[in-house]
Amino acid sequence: MKLGIYGLGRMGANMARRLSRGGIEVVAHNRSTAPIDELVAEETHITGAYTLNEFVDALPSPRIVWLMLPSGNVTEEAISQVLPLLDEGDLLIDGGNSFYQDTIARAARVQKSGVHYMDVGTSGGVWGLKNGYSLMFGGSDEAATLITPAIKVLAPAADRGWGHVGPVGSGHFVKMVHNGIEYGMMQALAEGLDLLRAKKAFDLDLAQITELWRDGSVVQSWLLDLTAEALAEQGQGLEHIAPVVSDSGEGRWTAKEAIDLGVSAPVMTLALQMRFASQDAEGYGNRLLSLMRNAFGGHAITKK
Amino acid sequence: MKLGIYGLGRMGANMARRLSRGGIEVVAHNRSTAPIDELVAEETHITGAYTLNEFVDALPSPRIVWLMLPSGNVTEEAISQVLPLLDEGDLLIDGGNSFYQDTIARAARVQKSGVHYMDVGTSGGVWGLKNGYSLMFGGSDEAATLITPAIKVLAPAADRGWGHVGPVGSGHFVKMVHNGIEYGMMQALAEGLDLLRAKKAFDLDLAQITELWRDGSVVQSWLLDLTAEALAEQGQGLEHIAPVVSDSGEGRWTAKEAIDLGVSAPVMTLALQMRFASQDAEGYGNRLLSLMRNAFGGHAITKK
Amino acid sequence: MKLGIYGLGRMGANMARRLSRGGIEVVAHNRSTAPIDELVAEETHITGAYTLNEFVDALPSPRIVWLMLPSGNVTEEAISQVLPLLDEGDLLIDGGNSFYQDTIARAARVQKSGVHYMDVGTSGGVWGLKNGYSLMFGGSDEAATLITPAIKVLAPAADRGWGHVGPVGSGHFVKMVHNGIEYGMMQALAEGLDLLRAKKAFDLDLAQITELWRDGSVVQSWLLDLTAEALAEQGQGLEHIAPVVSDSGEGRWTAKEAIDLGVSAPVMTLALQMRFASQDAEGYGNRLLSLMRNAFGGHAITKK
Amino acid sequence: MKLGIYGLGRMGANMARRLSRGGIEVVAHNRSTAPIDELVAEETHITGAYTLNEFVDALPSPRIVWLMLPSGNVTEEAISQVLPLLDEGDLLIDGGNSFYQDTIARAARVQKSGVHYMDVGTSGGVWGLKNGYSLMFGGSDEAATLITPAIKVLAPAADRGWGHVGPVGSGHFVKMVHNGIEYGMMQALAEGLDLLRAKKAFDLDLAQITELWRDGSVVQSWLLDLTAEALAEQGQGLEHIAPVVSDSGEGRWTAKEAIDLGVSAPVMTLALQMRFASQDAEGYGNRLLSLMRNAFGGHAITKK
């Protein structure tokens, strides 16, 4: 089997590596050339393509073109450039973190050319190369059949960690909700550890506690595993880390989707909102609250 | 009518003033003497008492002793000191912000001596002297009858803004819940104004908007009135105010009471929790979240 | 002054009435004719127009056409129908609850024809006819000048309760956020009263308590006024009311806007989510939680 | 090694079994006799004790008495009955879910008699017998040394899943916070799956999705494992499960502790509050909200 990967950022490059190591032939393309050179030098089954034409020409029919690009305009433009070079029956895959409604719209456009379109939601982060990626994809059965051999290599095991979950868009949708759950679980864990630490009288060792919870407890989870390992390595002071938590598209999309569907999802949403609060250096809302307290109760306003 | 006020802090002193201006005779006592002197010099119907014995002796039978002291130990000790000086049929009032369960326990103790006990939850802040206080009190009908003439003077009007809401403890309970609602309303207002301000493209004038909402809108409220006035006076930048919001006992008690009663009160509770977040300079929970993001996704940790 | 109102639902009809009673000439149009007939029969300064052509012809130049229609398609279609009938310099107003981004897009389209476009966010509900409406509008200064005489009549007072808050779209934006605040305030009040009621030992009278809070308390608000009056009239049992709370576009838009702007607005959002929970007869999420509790702890699952 | 277990409910009986199967001699006591008979008949290393005197006499010095009783009065009374029968240097363990502040108070009382006191927070539910229990305990080093051989048998492995986390009380504290995290994680997962299901257009198979997430995804967790298995067995309709979620002491204690410590723990708290909402058949707060909507906006109140 041979397929093309366009986009050799952290995720795309590692997926190419895992495919190559699993015996899949990969044609690798990227805007800048250094990542191509690096992969080609490193892996047996990867060949480089320095232009889109070269990239497309190197693929057997039906071609499989797997985009691993930042969501939004970059993906949009790449599709516009690649699509004219593809033939009927080829398969174009968006493996990035696109918003599922964009995916549905793009699929409609792509499919007009007779090209299959598929979305593959991918989880696994920096651990995917070693442990395999969690893959949830949407599209036609025909497209799914084309891609399954590669999926089995990318996944943690040939029969686990992946699934064809529904029509086009559903892969990105399921991945989006996965991230919403991730936000909520992370926040729950962080709140609990924060509470343990706030109980100064017990002088608890968070590395010890997270480590012991890894076996037999109800909160056993990969996030707990990683936290325990990181605390053991870095110590529990965390003075080197800024108390500011970034957020990404999926967390926002999930919260908004829940609102659109009229589903009460307060924990996933709050986990996002607490990140916003952490990012808010100005604290205007809090200033207003102090203003009000002063106005009705004469409470002191701490001067800055 | 003549009654004694013990505790001449901001609330106690202003209540003494309002009573005096309404023709009620007030005997004023305080640990430090300056506030007594000040009140006596200022008001026609206030006399000072510099010791507890003097204070109690100056009151006609049945005595009405109104405590306006910080909740907790200070109130507890004052009751222990005053109670032995009182006679059967006298009335001891806790007008402070005591936790209602403490009030119920104290009432049981006080009533063993044949002294009436009453709790008066009081709202009105710095505006009470001018506009009158909102008063919600708990206790027996007999005690309520004794105190009603003074209540009518303290309240915004003789027939409005006060009520005998139930048995001992219920006054403090109702006041506590009032403050919980206050927290939620304040947070709602602050969030909305924060959102208006965040919409930079519209360059909105918050003083104008809060002012115009004061008439005809659904969010008409005293908190809005005060906010509009403060924004008009101080400007909307609020650079002089620290983004740190204090909290007081009632907010915490309300949130915990809701948990004890199994009542879902997420908005009142969150308003409190957002204040906690504003007070949290260390941000340990947020550091943990960044740690986790780095551990699973390789996301950058902003160094501090 | 003479203007046209298109859309004689509850809001539009009452605004026409208030304009007429304030001496403004109103041409009233509606898809169905009964509301036109009713208004014409009732008010001195209202004339009816049964077709759009008739409607537009009855207005002096520059025409002022005020749409009071349901947001979304209905407003969209009305604009498409009216716009070709208008001349350069006329003013088209959307007084409904449109999403502000739709408003901005529509304004761009309308202004291409040389017609002014203005959005007027309107609050006041069923009380607006009597008490006046809270009006926040966006658009050019020229448009604002045209409409101000009518605004002064619609508002609670000529100099209060209205404002030109910014460019096109800002009126609907400010109204949207107003509703978000409204959601939060309502939820805070409902939670507090629910908590009072749950304290069975005190057997509190919610009509009494809400009534007494109306004077002197920090939670004084129009929502409290209405609640106190309704509880006094209907009793506090509320057995006749279903425990299901509807939501409307603005609440959802506000929550999503906060997410888009990265503003933490948990209370406004939760107030919306609690409404969703109240609407959720199936309770699938809760079934899942019971399933999990059974799976790890053997806890009983209540059979339905 | 030989120790006594008092309380043969689901947890206590299974812990006795696991100890026996690991070669630890167990003296089993219970108020009712049937559970004793059952264990004795079933396990090689368990002997029964039908009275407290018999129980205590059967234990070698220093005695280890492990209480596995419901928290609150039952545990309190058992301590009062057992303590007089113990000698200096014996060890009394509370392995139940007591509130940590009660534990600290009890320890002070017990230690006056020269008896060691230790709290063992235990997680593992119905799976503990097979997989081992997660054990977090508080107490002196001397007490910890006494109990460690048994702990190693109860835990998932001799060197994993257990820890001496701090002084008396800290075991129950850490277990309490563990449960708070559990609440938050469960709620996050339930919200996400509810959202997947609400997206009717995709007709997603939750059993498939939860199963595939078990490998490689960020949300890998024991709760996910159990959910995937339960959905596979029971189908995703869950019509047989009532949408009402119970809560237990630890969830409430955690939320209140966070408030006492001034730690913002919104997700853990909300997870609890959503359970309260699920338990609230009356929906009084929601009726109030509908009442308000009707009062200001004339919105229909759905009659029940």
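Note that the chains take the letters A, B, C and D in the order they are written out, and that residue 1 is the start of every chain.
Quick note on the criterion: contacts are C-beta pairs under 8 Å (C-beta built on N, C-alpha and C of every residue); 3 or more make two chains touch, one makes a residue touch a chain.
These numbers come from a predicted model, not from an experiment.
K.L.:
Among all chains, whose Cα centre is located farthest from the one for chain C?
P.N.:
Most distant chain from chain C: D.
K.L.:
Between 0 and 180 degrees and rounded to the nearest 5, what angle rotates chain C's CA atoms onto those of chain D?
P.N.:
So the copies are related by a turn of 180 degrees.
K.L.:
Which chain pair is joined by more contacting C-beta pairs, A-D or A-C?
P.N.:
A-D
K.L.:
Quick check: how many Å separate the C-alpha centres of chain A and chain B?
P.N.:
That pair's centroid distance is 48 Å.
K.L.:
Hey, how far is the Cα centre of chain A from the one of chain C, in Å?
P.N.:
So the centre of chain A lies 39 Å away from the centre of chain C.
K.L.:
With centres defined as the mean C-alpha position, give me the chain A-chain D separation in Å.
P.N.:
34
K.L.:
Where in chain B do residues touch at least two different other chains?
P.N.:
Residues 125, 187, 189, 191, 194, 198, 218, 222-223, 262-266, 270, 274, 277, 285, 296 of chain B each touch two or more of the other chains.
K.L.:
Could you pull out which chain C residues touch chain A in their complex?
P.N.:
Contacts found on chain C: 218, 247, 252, 255-256, 259-260, 262-266, 269-270, 272-274, 276-277, 279-280, 285, 296.
K.L.:
Quick one: which bits of chain A touch chain D in the complex? Just the residue numbers, please.
P.N.:
Residues in contact with chain D: 123-125, 128, 131-136, 138, 155-157, 160-163, 165-167, 169-170, 173-174, 177-185, 187-189, 191-192, 194-196, 198-199, 202-205, 208-209, 211-224, 254, 257-258, 261-268, 270-271, 274.
K.L.:
How about chain D: which of its residues touch chain C in the complex?
P.N.:
For chain D paired with chain C, touching residues are 10, 125-127, 186-187, 189-191, 193-194, 197-198, 222-223, 226-227, 229-231, 234, 238-246, 266, 270, 274-275, 277-278, 282-299, 301-304.
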